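Have a look at the structure below before the remarks.
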Amino acid sequence: MKKQGLKIAVIGGGSSYTPELVEGFIRFHAELPVRELWLVDIDAGLHKLNIVGALAKRMVERSGLPIEVHLTTDRRAAVKNADFVSTQMRVGMLEARGRDETIPLKYGVIGQETTGPGGMLKALRTIPVQLDICRDMEELAPNAWLLNFTNPAGMVTEAIQRHSRVRSIGLCNAPIGLTKWLSTTYGTEPSAIDTEFVGLNHLHWVTRVDVNGDDKLPELLGQTEGFTGKNVPSTGWNPRFIRSLGGLPSYYLKYFYMTDEMLAEQQEAFRRDGNRAAVVKRVEDELFRLYADPDLAEKPKQLEQRGGAFYSEAAVNLMKSLHNGTNDIQTLNVANRGTLDFLPDDAAIEVNCLVTKNGPLPLPLTRVPENVKGLIHAVKTYERLTIQAAVTGDRDIALQAMVHHPLVPNVNVAAPMLDEMLEANRAYLPAFFPQG
Amino acid sequence: MKKQGLKIAVIGGGSSYTPELVEGFIRFHAELPVRELWLVDIDAGLHKLNIVGALAKRMVERSGLPIEVHLTTDRRAAVKNADFVSTQMRVGMLEARGRDETIPLKYGVIGQETTGPGGMLKALRTIPVQLDICRDMEELAPNAWLLNFTNPAGMVTEAIQRHSRVRSIGLCNAPIGLTKWLSTTYGTEPSAIDTEFVGLNHLHWVTRVDVNGDDKLPELLGQTEGFTGKNVPSTGWNPRFIRSLGGLPSYYLKYFYMTDEMLAEQQEAFRRDGNRAAVVKRVEDELFRLYADPDLAEKPKQLEQRGGAFYSEAAVNLMKSLHNGTNDIQTLNVANRGTLDFLPDDAAIEVNCLVTKNGPLPLPLTRVPENVKGLIHAVKTYERLTIQAAVTGDRDIALQAMVHHPLVPNVNVAAPMLDEMLEANRAYLPAFFPQG
Amino acid sequence: MKKQGLKIAVIGGGSSYTPELVEGFIRFHAELPVRELWLVDIDAGLHKLNIVGALAKRMVERSGLPIEVHLTTDRRAAVKNADFVSTQMRVGMLEARGRDETIPLKYGVIGQETTGPGGMLKALRTIPVQLDICRDMEELAPNAWLLNFTNPAGMVTEAIQRHSRVRSIGLCNAPIGLTKWLSTTYGTEPSAIDTEFVGLNHLHWVTRVDVNGDDKLPELLGQTEGFTGKNVPSTGWNPRFIRSLGGLPSYYLKYFYMTDEMLAEQQEAFRRDGNRAAVVKRVEDELFRLYADPDLAEKPKQLEQRGGAFYSEAAVNLMKSLHNGTNDIQTLNVANRGTLDFLPDDAAIEVNCLVTKNGPLPLPLTRVPENVKGLIHAVKTYERLTIQAAVTGDRDIALQAMVHHPLVPNVNVAAPMLDEMLEANRAYLPAFFPQG
Amino acid sequence: MKKQGLKIAVIGGGSSYTPELVEGFIRFHAELPVRELWLVDIDAGLHKLNIVGALAKRMVERSGLPIEVHLTTDRRAAVKNADFVSTQMRVGMLEARGRDETIPLKYGVIGQETTGPGGMLKALRTIPVQLDICRDMEELAPNAWLLNFTNPAGMVTEAIQRHSRVRSIGLCNAPIGLTKWLSTTYGTEPSAIDTEFVGLNHLHWVTRVDVNGDDKLPELLGQTEGFTGKNVPSTGWNPRFIRSLGGLPSYYLKYFYMTDEMLAEQQEAFRRDGNRAAVVKRVEDELFRLYADPDLAEKPKQLEQRGGAFYSEAAVNLMKSLHNGTNDIQTLNVANRGTLDFLPDDAAIEVNCLVTKNGPLPLPLTRVPENVKGLIHAVKTYERLTIQAAVTGDRDIALQAMVHHPLVPNVNVAAPMLDEMLEANRAYLPAFFPQG
């Protein structure tokens, strides 16, 4: 039966990213023979699911491929006997993101979706839901692979690996985005680019950039601009600093290395535009207007200009490699298993992996810059405490997590800020607010 | 010959602490039979050496013990065939300390003698001088123990252990100070108190406090005041935070956990009193006036009220235990050797040690709070980079050290502040200013 | 209540060693105020329990101390609220030992009570009984210390630590025996002797022997005779080998290093005297005849001449140190916790420990000879497999354990020998023979 | 220049295996564009070098490819600016092998070319010569890769990695041989076979055998025959043992698991045929007779029937992958770097590696059977001691190595056997016999 094709369940299937994923399944059908595609969402997302689902059906129909598209709010039916489950959720939706980004600003602290206090609250909301999905998978699809795109991807992936038996991998679009950017910059095929990542999700350094076999890292470290994400201000790096850092920093590292400038920029942007979540909401609304066009049967160009470009390409690549055992190298979030010798074996890290039929194997690192070990460990400490807080609903542990985040250096700021943020998320934190 | 008594060399012998040390040698002469005490200082310290040395001689004379006191500026003569060498130096004297404490304030960064940018510059000045002493010891007293009191004691000790073959131990008065404070608080003998330290010098947490076999840690973590040093503001701890932290924090940790409050207090104090170094200078001048009194033949009471109380008691205790192989437990700065499994084997840590005839053995830790691992590693990363910068004079490494110190979160502040501080210390940094 | 004195339960209280233990409790009553001494045995040992128990009562009576002696076969009553539980059992009694020692000889393999196939079968019989005692302790005396003297002490201790929550320590008389022998040899107090042990129970090397501060190891490694046990042949060591080995080997290591000679001696002794168990039985019968004398109210001299001398002294020393938190150094079997970096954290090893109120802390090792790492790991592998076999009753695992013991190099010998030995122990191996 | 093609130096180029290597260079010229092939040998091997070199030239000529073949005894000329250096030496030639195989038999110990006392002596003879080659490479070809085929390949590779700066990899034909055998057995392409190796050279276990994605390991562990080498007796495995071992053992492991049977077989074969070295010599003489035929211009079929089949295929595969950065998986001997967590980082192990442009990366192991850890460590201990003995010429260390080899359990056998073997190799052991 399974020989006739694969079953894929996409949780959060009503996401605006779904058309990209569908496009990937169509394009790579020869290597990844999808037979059933189940798009699942919650009741509150049903309207969007129907719009994006209808577009998905039109895309498949035009392709002429034997893929069945199912739209459902019955998660268990979607998960049952799936070969791959992917999750792309936003617990609390854009409204919650808006709070994550703005409450910290009142306390003079970086307000960001995936790192700092904002990322912490996102983790507290998301991890319990994600573990609930894992319970279903353990029962209904014990051999499936869970591909997690849900941010904060590192913490969510680690929570799954430590608190369930599901086989899971965390994915971010930053690594593939860098490859694309290098490919454009150097006018070469992505396959000619060889990079090595060290660190955690949204906290990595790239310690090797070979293009057609030539070492381009010194050149790239000599630039103060460089690859960046749409969602992070493009302020340039200090040239002396970047030159001697030992690796190309993730653009998220600007929050850590240029905290004052980033905070000023956030506060200015907030005064000017309101919170970024609202901006994103407008973009999304526009996308859904396009998706609803019954004549549209392909991924619209506008989708690529979003911050999350290449997510779905990364996902399809990974599924292809797992399915076929291609043994190619991808940068993924996986359990450490001794790769960074100062972190526990079960800590999620973001590194190059060999993708085998039996899952990804983290590759030994050629070089770990001494400079960055402490920062990696400091953020990992915060992450592990946050996971523990999410699973237990323990406010003391949550406070310790908040205090020990490098972007929150002050205890007397952390305590009231945490209280306000927990309260603002009350509806999504049953472990912290048991009676309701 | 050696059977007839021990030879001790005190480098920085003109320090105001020396009378305390001499009192210790007199009091414990039965267990630590000192025959020769060599007080060494540099030419610039000769005036103070003569005053304090004369007092030492009067103290010994009154004791009737067969201890010879030698005053010299010839370090090699003092070191030759010594059994113990202790160092208590201030390279650049109080003037340099003044700069360490005040330049960072201009950049909105904590200005402190042993941590943050100030501690870093102190390390850069001190480590080369300390290694120079080690070269002498390797040649002239290869079996001697080096007891290092010179701050920043952790970094200086690690530099010695990594860059020389001398047997050395780092010492701080905070652990013995806590024991004394607990002894007073609970009205019991120091011997009835059992504590366990985890961390680094000036960055430790006390994870066990048993008094007469009763666990007093929860009670102490329930207080927001507590043991503190004379040189750190006594602002109280946040009660929720301290209760769930997992260990009693060193009072130096206020700089990390309450950075804003500490900075405000420093800035206020500076406006009010000028820099703390100047205050200390006045206290010292007063002490030397007392010491110069030819009728004084004992340690004056006023000495105990200084920040560095118990330093010499700690030193004499350690020498006694090494000499006699008493196998007692002392809290010392030693090489990690696997004790904290996330740090390199050669990293200096501050933990309980069993003091054997062959040196201190770090004891396995009962518990390492998950909360604090990241902060320990972040500071250790800064420390290792600083040591490397001190040994090489490499400005790029110095910049990486500065940027990665948790109290210096901003690259664009770190770079000019480092330049100004290096320039201000030009006379004491030959590795950075080779021609000068 | 507890303030009025300690409760001790001795499981296997009918052992011929018990008078030594009682003598110890009497001698050290000031430091170890025993109020209740419970001697427990199984029904089959009741006769001996009554004899030795009556002697114990006479000894206590003569001492005039307020110690109550209880004799019982009700283990749960004895364990309840105990402060210390000690075990000295022989599951299957001397008859089983006889089989352990003789069956291997038929296959041309060393037949020994605690190592090789004999030791393995002893472990398989003993571990389930020992874990049963632990279940009682977890329920009835959760804060008690379990002192395990039961051989093979290393494996039994590791089984307890991995499969129960009881606080336990394994004890052997070899370390104290060596100290006594050195004390006699060098005519000095035991307190003047400082040794360091590396390895496992009955598989250790002594890498430091300081007597009054002088290094005697080279001298001792220059001798081919030396300290030995009553139960191991006294064949001398090869002088070139012993000199360069890096540590004084346990006399049990003759089985590994001089396998042929030991086997020949065993076979000769068996032809001459029958099995050693029978010899021991005669000695024991003689001891019990003495014990039964109603005029005897002290430990008879003859007891000291047994192989197990000093067991009880070791036990009382350990209880004293735990009770008083003396922080002295004893050689014990404890969890590895990183001490030998090539073994798992939960592997039992035999090393110097600091005995604190909270239990023993293994001390960092000064030196681990490269020569012996492989042999330690080979035996530890066998031990871990044996523990797993004992807990599961899995014959396949038992076969792997047997095959991988360094004294059993041949698979086709191991398989039938294992079958015969399991069958011969059927009555004591319910996990292997579930129907009884 | 290098762009025009690669320079390869084959040390031991007069070997009978060389035609296979030449065939590989011809077949894969497109991926591995060899321009210069230097065959080097010592004066004593000049006759064979000329015969095999002439054949190599005829083979190249017939291929029409632009490969220059150089024959020389000037090793430095051959190594200079090479891209790859391969070594396939037999220090002492077949006569020495004959002694390695026969002297141990007199002492009742396994006599084998690469393991046991024979392998040890081969290592003592070979390592100094190999390190001499490395000195040349450090000077004349610092970026070249050294591919080491010289047995005992594990020890030789580890010696190179610990005692030189040359980039080197150890190669054995057993892994590729297993793949070929599985390919024949299951009638599938080698590319459809996925295996995982754990262990050391000639001491590995295969813990995964997937054929076309199906797990064939249970089936293979259910057989008592299986893949074997031409040079190891084909005695079957004990079925209970092999089934529960956890991995398919290398056929060399029969020496460890069935020592008695292997020894009996060796002694019988020796009585019947004389030593195996003499047999091999006859085969080689026959091959060289064939090679000398001026009409032969291809690899003769008879070569494949030798024990060392596939050596050259393995070599060419590896060079191709290094040259092109193909990122494929090969089983190689490389530095451990944490892969087996109980061995030092610099220990050579034989595991699956990803072959990148920058060299092989050992892949994390899916599973390490508990059963075999001790044996791996025991042999590695012997190996490390042997390397140390080879480098120092220290007889004491050599004795410790010999005693701690699991096939040599008896000290009093090891000592005279070592003496006799060292003496018999006097001409090849200048470090042990400095004047001679």
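Each chain gets a letter, A, B, C and D, in the order it is written, and its residues are counted from 1.
Note that a residue touches a chain if its C-beta (ideal position, glycine included) is under 8 Å from a C-beta of that chain, and two chains touch if they have at least 3 such contacts.
Computed from a prediction, not measured in an experiment: that's the story for all the values here.
Which chain pair is joined by more contacting C-beta pairs, A-D or A-B?
A-B
Report the chain whose CA-based centre is farthest from the CA-based centre of chain C.
Ranked by distance of C-alpha centres from chain C, the top chain is A.
Centroid of chain A to centroid of chain C, CA atoms only: how many Å?
Centre-to-centre distance between chain A and chain C: 56 Å.
Using the average of all C-alpha atoms in each chain as its centre, how far is it in Å between chain A and chain D?
Centres of chain A and chain D (C-alpha means) sit 46 Å apart.
List the centre-to-centre spacing of chain A and chain B in whole Å, with centres computed as mean CA coordinates.
Taking the mean C-alpha position of each chain, the two centres sit 45 Å apart.
What positions in chain B touch 2 or more of the other chains?
Answer for chain B, listing residues that touch two or more other chains: there are none.
In their complex, what parts of chain B are in touch with chain C?
Chain B reaches chain C through residues 194, 210, 213, 325, 327-329, 337-339, 341, 354, 356-358, 361-364, 366.
In the complex, go through chain D and note every residue touching chain C.
Residue positions touching the partner: 237-238, 240-241, 243-246, 256-261, 342-343, 370-375, 377-382, 384-385, 388, 396-397, 399-400, 403-404, 406-407, 409-415.
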